[in-house]
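Worksheet for the structure shown next.
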Amino acid sequence: MSEPVQFPLAAVVGADELKLALCLIAIDPKIGGVLIEGPRGMAKSTLARGLADLLGDGPFVTLPLGATEERLIGTLDLDAALGQGQARFSPGVLAQADGGVLYVDEVNLLPDPLVDLLLDVAASGTNRIERDGISHRHPARFVLIGTMNPEEGELRPQLLDRFGLNVALEGLPAPEARQHIIRRRLAFDSDPQAFCAQWAPAQEALRARCQAAREHLESIALDDQALAWITERCYAAGVDGLRADLVWLRAARAHAAWHGRTVIEEGDVEAVADFALRHRRRSGASTPPASAPAEQASRPEAAGGQGDWGAMPPQPVAAGARREVPNWAKKP
Amino acid sequence: MSEPVQFPLAAVVGADELKLALCLIAIDPKIGGVLIEGPRGMAKSTLARGLADLLGDGPFVTLPLGATEERLIGTLDLDAALGQGQARFSPGVLAQADGGVLYVDEVNLLPDPLVDLLLDVAASGTNRIERDGISHRHPARFVLIGTMNPEEGELRPQLLDRFGLNVALEGLPAPEARQHIIRRRLAFDSDPQAFCAQWAPAQEALRARCQAAREHLESIALDDQALAWITERCYAAGVDGLRADLVWLRAARAHAAWHGRTVIEEGDVEAVADFALRHRRRSGASTPPASAPAEQASRPEAAGGQGDWGAMPPQPVAAGARREVPNWAKKP
Amino acid sequence: MSEPVQFPLAAVVGADELKLALCLIAIDPKIGGVLIEGPRGMAKSTLARGLADLLGDGPFVTLPLGATEERLIGTLDLDAALGQGQARFSPGVLAQADGGVLYVDEVNLLPDPLVDLLLDVAASGTNRIERDGISHRHPARFVLIGTMNPEEGELRPQLLDRFGLNVALEGLPAPEARQHIIRRRLAFDSDPQAFCAQWAPAQEALRARCQAAREHLESIALDDQALAWITERCYAAGVDGLRADLVWLRAARAHAAWHGRTVIEEGDVEAVADFALRHRRRSGASTPPASAPAEQASRPEAAGGQGDWGAMPPQPVAAGARREVPNWAKKP
Amino acid sequence: MSEPVQFPLAAVVGADELKLALCLIAIDPKIGGVLIEGPRGMAKSTLARGLADLLGDGPFVTLPLGATEERLIGTLDLDAALGQGQARFSPGVLAQADGGVLYVDEVNLLPDPLVDLLLDVAASGTNRIERDGISHRHPARFVLIGTMNPEEGELRPQLLDRFGLNVALEGLPAPEARQHIIRRRLAFDSDPQAFCAQWAPAQEALRARCQAAREHLESIALDDQALAWITERCYAAGVDGLRADLVWLRAARAHAAWHGRTVIEEGDVEAVADFALRHRRRSGASTPPASAPAEQASRPEAAGGQGDWGAMPPQPVAAGARREVPNWAKKP
Amino acid sequence: MSEPVQFPLAAVVGADELKLALCLIAIDPKIGGVLIEGPRGMAKSTLARGLADLLGDGPFVTLPLGATEERLIGTLDLDAALGQGQARFSPGVLAQADGGVLYVDEVNLLPDPLVDLLLDVAASGTNRIERDGISHRHPARFVLIGTMNPEEGELRPQLLDRFGLNVALEGLPAPEARQHIIRRRLAFDSDPQAFCAQWAPAQEALRARCQAAREHLESIALDDQALAWITERCYAAGVDGLRADLVWLRAARAHAAWHGRTVIEEGDVEAVADFALRHRRRSGASTPPASAPAEQASRPEAAGGQGDWGAMPPQPVAAGARREVPNWAKKP
Amino acid sequence: MSEPVQFPLAAVVGADELKLALCLIAIDPKIGGVLIEGPRGMAKSTLARGLADLLGDGPFVTLPLGATEERLIGTLDLDAALGQGQARFSPGVLAQADGGVLYVDEVNLLPDPLVDLLLDVAASGTNRIERDGISHRHPARFVLIGTMNPEEGELRPQLLDRFGLNVALEGLPAPEARQHIIRRRLAFDSDPQAFCAQWAPAQEALRARCQAAREHLESIALDDQALAWITERCYAAGVDGLRADLVWLRAARAHAAWHGRTVIEEGDVEAVADFALRHRRRSGASTPPASAPAEQASRPEAAGGQGDWGAMPPQPVAAGARREVPNWAKKP
């Protein structure tokens, strides 16, 4: 069997936020992974697969269902061990994904130790194996894309924070959008090759734009003004830790590159704000101690999940609502 | 022992909705699987087995009780491995079911990872094996039929959504219907061969009608009018995602083919509406934001489980009631 | 050690309902299994063993304590596998029980997958093995007899329904009955052979009566009048599904045969009603929609567990009370 | 190491009820096992070991801590299997205990399947092994003695009922009794041999009295008068099933034999009543339907745990209080 | 690595009660084990190790973390089994501890079966092995010392009772005591050898005093007066069973020996009262039926954990408070 | 792959308390481990890694995710066992960490037995292996650094107490601090070698200061005045046990050495107070019995987590609030 043809990202109807987030990651993979939240039936996996094509030759690896830790990190090569008496490393999924995308469906339903491991390796870009007499290390630089339906369980805040960006798909498109989506899908299903051929120019343009932005990226400074905008907003949002700031800055730069700008503008910062903040807001976050005007504090959740990030000067951002953190069980 | 003779679908009394759904699937297997809900003692498995005969030569495979993941996806052929030193794939249930029907009784009582796996493979038509040093892929195109007694536990919404159609059997037939059913069953039990011979013409007619509809299917357009009817109804019903739309459209076309029509009529759309929507309604679904007349919203559940899909022009459908989604445990 | 002598069913004092149910099963094993409910210390197992003698040469097999699924369905014959390199089937308990009785004490305390398996095989009369490289099928036609003390846990309704008949033993016999029972037991315990010899004529008469009824059975029609009586009553009782109707009809015929009748009389239908309905009543069953007189509905549980099934014309039967169905955990 | 010397039962201070129960069992082992309840530190195991000496040469076997089912019932003899290619049975604890006493400390803390197994074999006197290719049966006639501290968990009623007798040890002896007990214990501890030599005549007398009663036992009829006394009392006490009646009758006869009587007197019946009834009373038992005078019924628990069984004519016995039956989990 | 030097017991500041208890055990190991309760950071293990030095040459064995039952009781010697075809016993921790001290840190966090096993062997002085084809018995006479922080979980009363003595360490020493302790610890840590050399005379004196008391012990009668004092107090305290009396008597004699007395005085009885009673008091103990003056009963917990055992004549002791006994789960 | 370059501790912005604590440990590793608490995204692991550089050549070992007990303590060298028939020890993580730092991320999510083991070995400096026929002991002197996000679960008090120092990272730095931190991070990420070269002088100065303090340490007396200050404060704070005193004294000396002082001043004692007390305060601690002025007691939590340790004379410290201790489950 040959590999099935993928639905081109350029042909996706709607889901603009997610498409943007995927492009930003394709432009600067250092931003980190993406966590896609949304209800059932939103083609989350189709969209995620679209990223692979933007990244160039990198592989797109799907975490197999029920994969074990061993399968993930690799294990002793039994053949070599028995046949030649050598302890040799047999690579796992993490090695396969090096240089590409590692896609994990319903990441919130994985056992915690596997999620830990995935995020650890994704962050360090290195997989270390220390077991069964093997002591090995290999590069494992990949973009981690996870999907979850939050109705079916949450990730621990510690794990949420380690996804670079977070995008939520809207659950209920309007009838017209539905028709567009379905028509494209039917066209693809009836003749995938023809469909892809038809969309090849648009897809190529998308790829080229990403490529150009990627090449252009380093020429855009991560300058102090952008950093100031971002840190003030993070502080105002009461976001724990500094991963949000760092991710936001990189994402804003990628956004500037995507628009061909030579400097990060405030609009770039605002355009990606929700990607960086969405999963790092606290459930019962109180308003920040300084610089938060009282009237802002008294509008609870006014600037919530879809806060207005228009052309206004930097000002405090009230934290949107997230579900309460449950009690986490110990690792088994 | 030779294979036991099956009760012919044509001889089934009542259960018209389920018979229709099974025929639609036989006409267009791309609609996806069927989830049959109903109380105990409704011959759910007899009905499901009836589908196999309509599909032609395809096998009818029953998931064995307590089957393991290995048994399902296949495993390393130990004989070949030990005898000839080759890592060869030994096919599992998914390979057996290719081209036919995979029947899973009480699918709601299966461990979640197995259900995930079943639905994944059913959707992609491909079984990938990546374990024990085997890296293999083979076609696994089958119609998945599951039964469940919802009194004994629900499936997660994510999994429900991935069954194409959903049919509920009525629990309490009237005395006359009961008598018909029992008489047929007794006749079959006392002499299965004779019974089948007696019903052969009717069964052959049913098979032929399905076959004709199947051949006729591609000539019926999945046209914009039908799509508009459907997407509006899905939107009005507040159904998450787009799988409902796609399934509904295909099912409506199969229904048109079943009636020998050359175009999808609104009656076709309505006839299969509940099959596509039943398991995708949300428990506490609020009325849709647009186009839903207020009086509709104030009649909670008026158009519930058996919504009236008569000859009226398209109008919003209030979502029927489903049980509340419980909290789902993590995968072990 | 030789097999211990069994207490003859003919010598059992009281427990008339259970003795009748066992005889009916001996006359028509197609009725299905029997579930015996009762408190501790009621000699449930002694009574169940009595059935074996009525069935002719069939074996009486007791499910060993803690039996595994493998032990039940059979497994790979390791000797043949290792010695002769052949994958041969080594039969299990289900094969041993073929043609006889399979007795399961405290069936409600078994793990659900084993109960599922037992009932599945008992219903189909066939044991299929698909594991460890074995693909085998053999006949496994047996009567399943289970006992349970409902104080110690219930079976799922799905599983209850699959037992043909259900009999409850009265917990507290009167002093005179107790004395009779104890005296018989003491007599048996002090000299089993002598006791059996003394009861041989009565036991032989019982066996002969069963044998005669069995031979006579097929000549009694499962006629429309009997079926009408039964389906109306089932409908009135609000019983889910149709297994009750089918079982009841067969049991009524066996009862007619037991009394040497040539046609099923209404008295036969009534005599076995509780056997067929007892475990199929719903806990909170509402009165049936049609034909149920209001005064009946307002006498809650008046016709409960031991409903009056005298010589009256057919009329609706209010459903007796059963315990609420608990929430069933998923299979592990 | 040689076997340690046992404390002679004749030297035990107090615990008269338990000593009597143990003697009755020594006289008629068919009465069944004994369940000894009591708080910590009451030398329950010392008392139980005393029974072995009364039984003659029978072994006294203690169930080892954490014994597995395999260890209990025996297993395949691996040496014979590997060395001589024969599947031979290697006997377990049940085989060792044949003809003697099997002592199980804290029986209420054992896993349910092991308790089931122990009681099953104790009742049938036979151990059947059907596993690992072995099909074996051997006699396993032993008296089962279990101890439990009910503060630490109950047995299921089904299992309680299968112990013949039940004795509760008083938790708080008076100072003088304490002194007697301690002095005896110190004397034994400082020189066990000397202590046993000193008590040899008393112990020998006890053994002889048991032996005489055992020989005399069969000459005492299990007559109708005794049976009538007992069944009426069991009925009045609302005891489920008939095991109480049978055990009580045997225990009353053994008591008569112990006192050298030739016929069971009512005093014998009364003397052992609490042994037979204590663990078979229901928690919320209502008064019996017939023959129970109202005033008796209105004295709840007046004749409770230590009911007055004096010289009065037979009359109903109100059931004493037992703890509520908890919900029992399924077997794993 | 050579064994690290131990902190000498003579150099311990404070903790007088525990030091006394340890000396009593060193004088008469038949008293049984010691359970040391106390909060974190009280050097419980340092104190326990001090006992080893008082006992002479006996080993001091620490139960390794996570030790298995096999590791504890010993197992089959695999080398001998495979090499020489002999089933030989390979001794475990219990064998190592014979003649010395077995130290178990946080005994309340051990799995119940291991605690059972430890206490059983400690009580009998014998380790019996019946598994893996081994049937072996060896002496295992050791003093069991356990520590627990009761904030982190209790032992079952049955297990508490089987520790001979129980001592609780005071959690919050006064500043001066803290300074003494810390200074000693610092001196030891900076030069253990020098520190031990400095304390050698005091430690030698302590050892000699224990040795003298041990030799003198048997000459002190366990006389009736002492026994009367003790049993009356145990009765008044409502202590279940008689282990308290026996332990108390031995401990009082050891205390007399420690003070060079030739007879047990009432002061000896009082000095060790709390050691014997502390863990055997019941949580909700009612006042004893006889001889307990009413005013005593009305002063709940007045004579609690640290009851006044001065020079008064014997009088009833109200039971101090213990935590409520929780519900104990079954053994797995 | 070569080892990645580490971010130099000297370049860390803010986190002064943690940097100080790490330096103190580097100066006197006998203080014990450090437990770092803080929310997500605070670069806890970057900071912890910084300690390795201060310690000299010692290794920095990270506990691998999902490490087993065997992996931690070492195991039998299978190669040697099979090849040469020798039971040889194959060292584990504890052996690797000898002389350096053992870093455990999210230590509160580890299974309790592993935490126990880690703290035990860290305290004793010795790893003992007694399993699989190996009896081995090797030095394992390392500084244990654990991190935890207390939102995700607590450690047992017993385990908390065994960490020498405890530092909490502030969760929400101000915008300017955020900018500093991010700028440094970006500089490091874009060219780690250049960044380290730039910071080499500062880092070298830090290292040198630690080295100087380490050499100077022994010349500073652990004098009585310092000890008095500390014990009084510990007593006033109601801290259980004496580990706090000992740790505090050592930490105060290290602080004095860090500042080049020749004697411990009260300021040194105060500067490290919270490190020693933070994790040893009790949740519901009542005010100390003596010397605690009433007004102090009536200001609950006034001197809580960040108590004022200025230039005032020694006075009682009210215990700050800690979360309630939950109920701890037994070890499995």
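General remarks:
Should a chain be cited, it is by its letter among A, B, C, D, E and F, assigned in written order, with residues numbered from 1 in that chain.
We adopt the following convention: a residue touches a chain if its C-beta (ideal position, glycine included) is under 8 Å from a C-beta of that chain, and two chains touch if they have at least 3 such contacts.
Just so we're clear, the structure is a prediction, and the values are computed from it rather than from any experiment.
Under the contact definition, chain B and chain E share no contacting chain. Counted as hops between touching chains, the shortest connection from chain D to chain F is 2.
Averaging C-alpha coordinates per chain and comparing to chain B, the farthest chain turns out to be E. Between chain B and chain F the centroid-to-centroid distance comes to 59 Å (mean Cα coordinates, whole Å). For the pair chain A and chain D, the distance between C-alpha centroids works out to 68 Å. Computed from the mean C-alpha positions, the centre of chain B lies at a distance of 34 Å from the centre of chain C. Residues of chain C in contact with at least two other chains: 112. Viewed as a network of touching protein chains, the structure reduces to one closed ring of chains, two contacts apiece.
Traversing the ring of touching chains from chain B and stepping first to chain C, the chains occur in the order B, C, D, E, F, A. Across the complex, chain F meets chain E through its residues 30, 69, 112-113, 116-117, 120, 124, 126, 128, 130-131, 133, 137-139, 156-158, 161-162, 222, 224, 227-228, 231-232, 234-235, 238-246, 249, 280, 288, 290, 325, 327-332.
For chain C in complex with chain D, the touching residues are 1, 4, 39-43, 64-67, 71, 78-79, 90, 93, 106, 109-112, 149, 151-153, 171-176, 178-179, 181-183, 185-186, 189.
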